[in-house]
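Order as written gives the chain letters A, B, C and D; numbering starts at 1 within each chain.
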Amino acid sequence: MSSEKKQAELIKEISGVNPLKCMKCGKCSASCPSYNEMDIKPHQFVSYVINEDIESLVNSKSLWKCLSCFACVERCPRDVKPGKLIDAARQIVVRQKGQNYLLADEIPELLDPELPQQLLVSAFRRYRR
Amino acid sequence: MSLEKKEFKPKIVAFCCNWCSYAGADLAGSSRLTYPADVKIIRVPCSCRVNPMFILRAFEKGADGVIMCGCHPGDCHYSTGNFYARRRMTLLFSMLDYIGVENGRTRVEWVSAAEGVKFSETMNSFVEKIYSLGENVRLGDLRCKS
Amino acid sequence: MQELINRAKELLADGTVARVLGWKGGDLPYNPEPAYFETAEELADFVYNSFCGANLSKYMIEASKLEGKTMVCLKPCDTYSFNQLIKEHRVDREKAYIVGVGCKGKLDIEKIKKKGVKGIESIEGAEITDEADTLKIQTIYGEKSCAYADAMLERCHVCKGKEHMVYDELIGDSKETKDADRFDEVARIEAMSPEEKFAFFQKELSKCIRCNACRNACPACSCRKCVFDSTKFDSSQKANVDSFEEKMFHIIRAFHVAGRCTDCGECSRVCPQGIPLHLFNRKFIKDIDGLYGEYQAGADTTSKAPLTNYTFEDAEPSIVGKRG
Amino acid sequence: MQRIGVFVCHCGSNIAATVDVSKVAEMALMEPGVVHAEDYQYMCSEAGQAKIAAAIQEKNLTGMVVCSCSPRMHEATFRKAAERAGLNPYMVEIANIREHCSWIHKDVEEATKKAVILMRAAIAKVNLNAPLQPGESRVTKRALVIGGGIAGIQTAIDIADAGYEVDIVEKTPSIGGRMSQLDKTFPTLDCSACILTPKMVEASAHEKINIYTYSEVEKVSGFVGDFTVDIRKKARSVDMDKCTGCGVCQEKCPSKKAPSEFNRGLNTRSAIYTPFAQAIPNVPVIDREACIKFKTGKCGLCAKVCQAGAVDYEQKDEIVTEKYGAIVVATGFDTIKLDQYDEYAYSQSKDVITSLELERVMNAAGPTHGHLERLSDGKAPKEIVFIQCVGSRCSDDRGKPYCSKICCMYTAKHAMLIRDKYPDVNVTVFYIDVRTPGKNFDEFYRRAVEQYGVNYIKGQVGKVIPQPNGKLLVQGSDLLDNKQILKEADMVVLATAIEPNPDVRKIATMLTASIDTNNFLTEAHAKLRPVESPTAGIFLSGVCQGPKDIPETVAQAGAAAVKAIGLLAKDKLLTNPCTAQSDILLCNGCSTCENVCPYGAITYEDKEVNDHGIRETRRIAVVNSALCQGCGACTVACPSGAMDLQGFSNRQIIAEVDAICR
């Protein structure tokens, strides 16, 4: 198996998502609050995984612009849930040591008192390790 | 006879009611949804036609697993057949479990005529279970084992 | 006992009944056997004591075909079997004059023998009128004693109660004997690992010699011709050739009486090999009670049997693997 | 000993590509009783059947096995072929080596092995087969149509025109169904009422058609040709014979707060009501839940104003029992509930409506008298957004996995009608795909875009957010422009998924007709028998079988009618001889079998028997083979094995088990 294919399989395994179920309706992108800041849009995540271009996915800005608000997961009519794919891509990055986007120690400095609690919890879930 | 251990190829008997599950198996076939060839289907008019004797007989003659499929409860072609079958099989399976026969060797699954996918998935998972349990040695006539 | 004999004589004399179905003494002090009595003279042999464990209800299938009524002595537990036979149209209620006899628990000679009591000549305390808690046993080796409760049949420890479900008159008093739960043994086996369960039943069933005593004594097992004797299932065989056939016979036998078995315990009582056959029937009863609601076969003559009944919400067979 | 012939079909390459058919035929000859075996390209073809006939006659066959496709496909074909050649048709067994073998296995060796085993099982069974003779049963020349929408009406008219009596049972107070709620119909934009009303009148005036409105099917028993049905005529509280339909009662009724079902709850109606002006029958019913008289005992105004004296508060439900030869199900559809779709703000804003509600808004008899206005404030909208596939094509548990099929077309219709009547209103349609297969359908959709300037955007809407200013902020995506779109709308219309009428599950259970996971009734064959249920004598008309539009529904209604007529035209039906039989010498007379028989086919008789010299009278189970449907419940309930099923006997099934486990 090529390394690209392995990475794509890994994303599918971590996320538990079958990207082939996507019918390209775009409801994820329609729901996304961070849409305008993303270089790869939520609905495009699926095709990147199908095309086994995980490299671009992992290096995209979108990975860290996703708020993990789960609107796309909640609303996806096909059970594809791009949010989970994004999360899986993040996991891949996190698993490669030394490539952490954030260290746990750095977080307190970045905290904003206006930040909703839920986002905090979510952020810890995402950025821990 | 060779001394080498023979590869385990389970014998699996599936009783399917004519109206739902047999048709579901047909749909699995026409949709080319594969499942292992170890499964052999016997057509019965209704799940309520399946006598516990048939199931024990299959085990006696060397079956490693027996599965019965019928219409979903409430959808029986004969209105009530699968309700009786459900009670009979529940009690029989409980008894087999009680005397120490591995409980995964028997299964009941409700598969409608429209559920080709479910039929294939059911058979795949059942066969997998039987492979994991291995040969049926507890409930069989040893003379039938070759 | 005398009261019973007197009443039997009266009924024979006034023509109410043509015969009496009871027990007569056997060749040993502890093996009375079922018998018909047609005259007052014959009744001299009549006995009713704590060794009269046999359930006479099944004999009424044949007795129902005879001319005239039969007086039949039924213990409380036997009346369940009789009711079940009425429900299945196997006996004719009109042909039976049921005398409900009292019961203070029946004795198991095997239990006495297991205590090392041998060469028995007579047993005192086994008469139905005796109040004794201890049996005095005269043997060729001298007198031995045994607590009554210790010699009781297993089924009497889990007695369904001393109330007769059906009768024309009652004679004699009863004593409660229940001191255990009838599902304890089943629960103990259920808790075993599959390997232990299998070993347990393999050991018990390998004793089976297919004498068919269980089948012949069972009031529910009353088919004119058993499937194991007919060609209908290609299953007729008189002996167990391998371990499968032992299991097959007993599973199917238990299945055929499931929901009909009153738990009278005759199968275990008559088994010459001492196989605890009631464990099969009781497993089904326990499952039926647990899954479909409490049901006592023979408590009435009209209720729907569990296996000819259903509800939409019945448990799925997969529950078998899920229970604890 | 039987003399069995085995015929192995190649089915072109369908079987032969995966199964070594000549090997299978060769192996057949090694089985007991087999005296002839051959393989051929298409056994079901005329040439194939000729080969079978020749073998039966030349080899004097007493039984045969065809290794071919599913018996559900060609068992009848081969049985007929056998019968023509002089062999009892019930001496034929099928080994299904196509659906159950060649189509699902890839390895030739493995598939061939399995095919041989399936063939052996069939041979083992045939060895124990006995010739059977079908009985006859009568056909009641009357049909029942369940549901009085366009599907039911059309089916009833077609059956009645052929000269048979038809009863329509309709749950609501009037026939007409969903179509009566529509304003215009695609693709020709006819007024729905203008084309439906004449059909309704025709049905009600037809001398062969009897309509039970405000009625429900309560119980069904019997079988093809001879169903017995209990129909509950719900208490209308108005005497159908006396009522003149003047409508005064409805005007005077002081309770006017009940939501109007006909207008989808967008306005209210009186407690005594006819659902709509053209209702048939034009006789009101009293909604007892809403009626003051029924709630408090006071009022009674309607009875006072009724000059015909038709109002009858004492009326009770009535059960009518009727016999039918055929039953057609035409129970139609409803839109799904939108409780789970919070993101579209349906329950938060009155200005988010379903397409069916828009039909009522656009209709002159609707809550706004046909004026397009916002239901919240009555203002004329300037910006309307349509959202497609709301609840359709969803694989989660909120919606339905299927395409509702009609939404693309009716949305194009709505968009076009709005742009036509109100050219200053902007119309935007968010779509995933536009599906327009059908005559003149794509042309219709293109007209909406090209001629009427409807703005189609490829992309789904993620959220509709009601704004403080009363507008609706629609957040959607434009996948072709790769943009997220925020649009302020005055109204949002949801193309809500349709689902079978929820009552259909209950009806299907009564009819023992099978139903799929989406509650659509299953057809006997997806392609070749699309209007018949697998249960004989039950036919399917309209959306109860699957989503369809009006022209398709009418076409299917006619097809179902023809199938029903074909059945009713017969005087006698041959019954299935695979029925239960009780062995007189083994029967205990215990009644266990009687207790599980769903057809009441088992009774008990005292019979003289001679059991090996013992002569006695015994209580014996007797099966009425006209009632027995051959399920086999009794055979397993019987502990002695006295009860057995012809064609699926204990020994036959055991022989199959043995052959498979050999």
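Observations, loosely collected:
We take it that contacts are C-beta pairs under 8 Å (C-beta built on N, C-alpha and C of every residue); 3 or more make two chains touch, one makes a residue touch a chain.
Here the structure is a predicted model, which is why all the values come from computation and not from measurement.
Between the interfaces A-D and B-C, more contacting C-beta pairs are found at B-C. Centre-to-centre, using mean CA coordinates, chain A is 44 Å away from chain D.
Distance between chain A and chain C, defined via averaged C-alpha coordinates, is recorded as 70 Å.
For the pair chain B and chain C, the distance between mean C-alpha positions equals 36 Å. Annotation for chain B: residues touching 2 or more other chains are 51-53, 57, 74, 80, 84, 88.
In chain D, the residues that touch at least two other chains are 596, 637, 650, 654. Within chain A, not a single residue touches two or more of the remaining chains. Arrangement of the chains shown, judged by which pairs touch: an irregular graph that fits none of the line, ring, star or complete shapes.
Taken in their complex, chain B has these residues touching chain D: 11, 13, 18-20, 22-23, 25-26, 28-30, 32-35, 37, 40-46, 48-54, 57-58, 61-63, 71, 74-81, 84, 88, 112-115, 120, 144.
Against chain C, in their complex, chain D makes its touches with residues 583, 585-592, 595-596, 604, 611, 616, 619, 637, 639-642, 644, 650-651, 654-655. The touching residues of chain C, when paired with chain B in their complex, are 186, 189-190, 192, 194-202, 227, 233, 235, 241-245, 247-248, 251-252, 254-255, 258, 280, 283-284, 287-288, 291-292, 306-312, 314-321.
Those residues of chain D whose C-beta lies close enough to touch chain B in the complex are 70-73, 96, 98-101, 103-107, 110-111, 113-114, 117-118, 121, 505, 508-509, 512, 514-517, 522, 534-535, 578, 596, 598, 629-633, 635-637, 645, 648, 650, 653-654, 656-658, 660-662.
For chain D in complex with chain A, the residues that touch the partner chain are 343, 389, 393-396, 398-399, 432, 458-463, 475-479, 482, 484-485.
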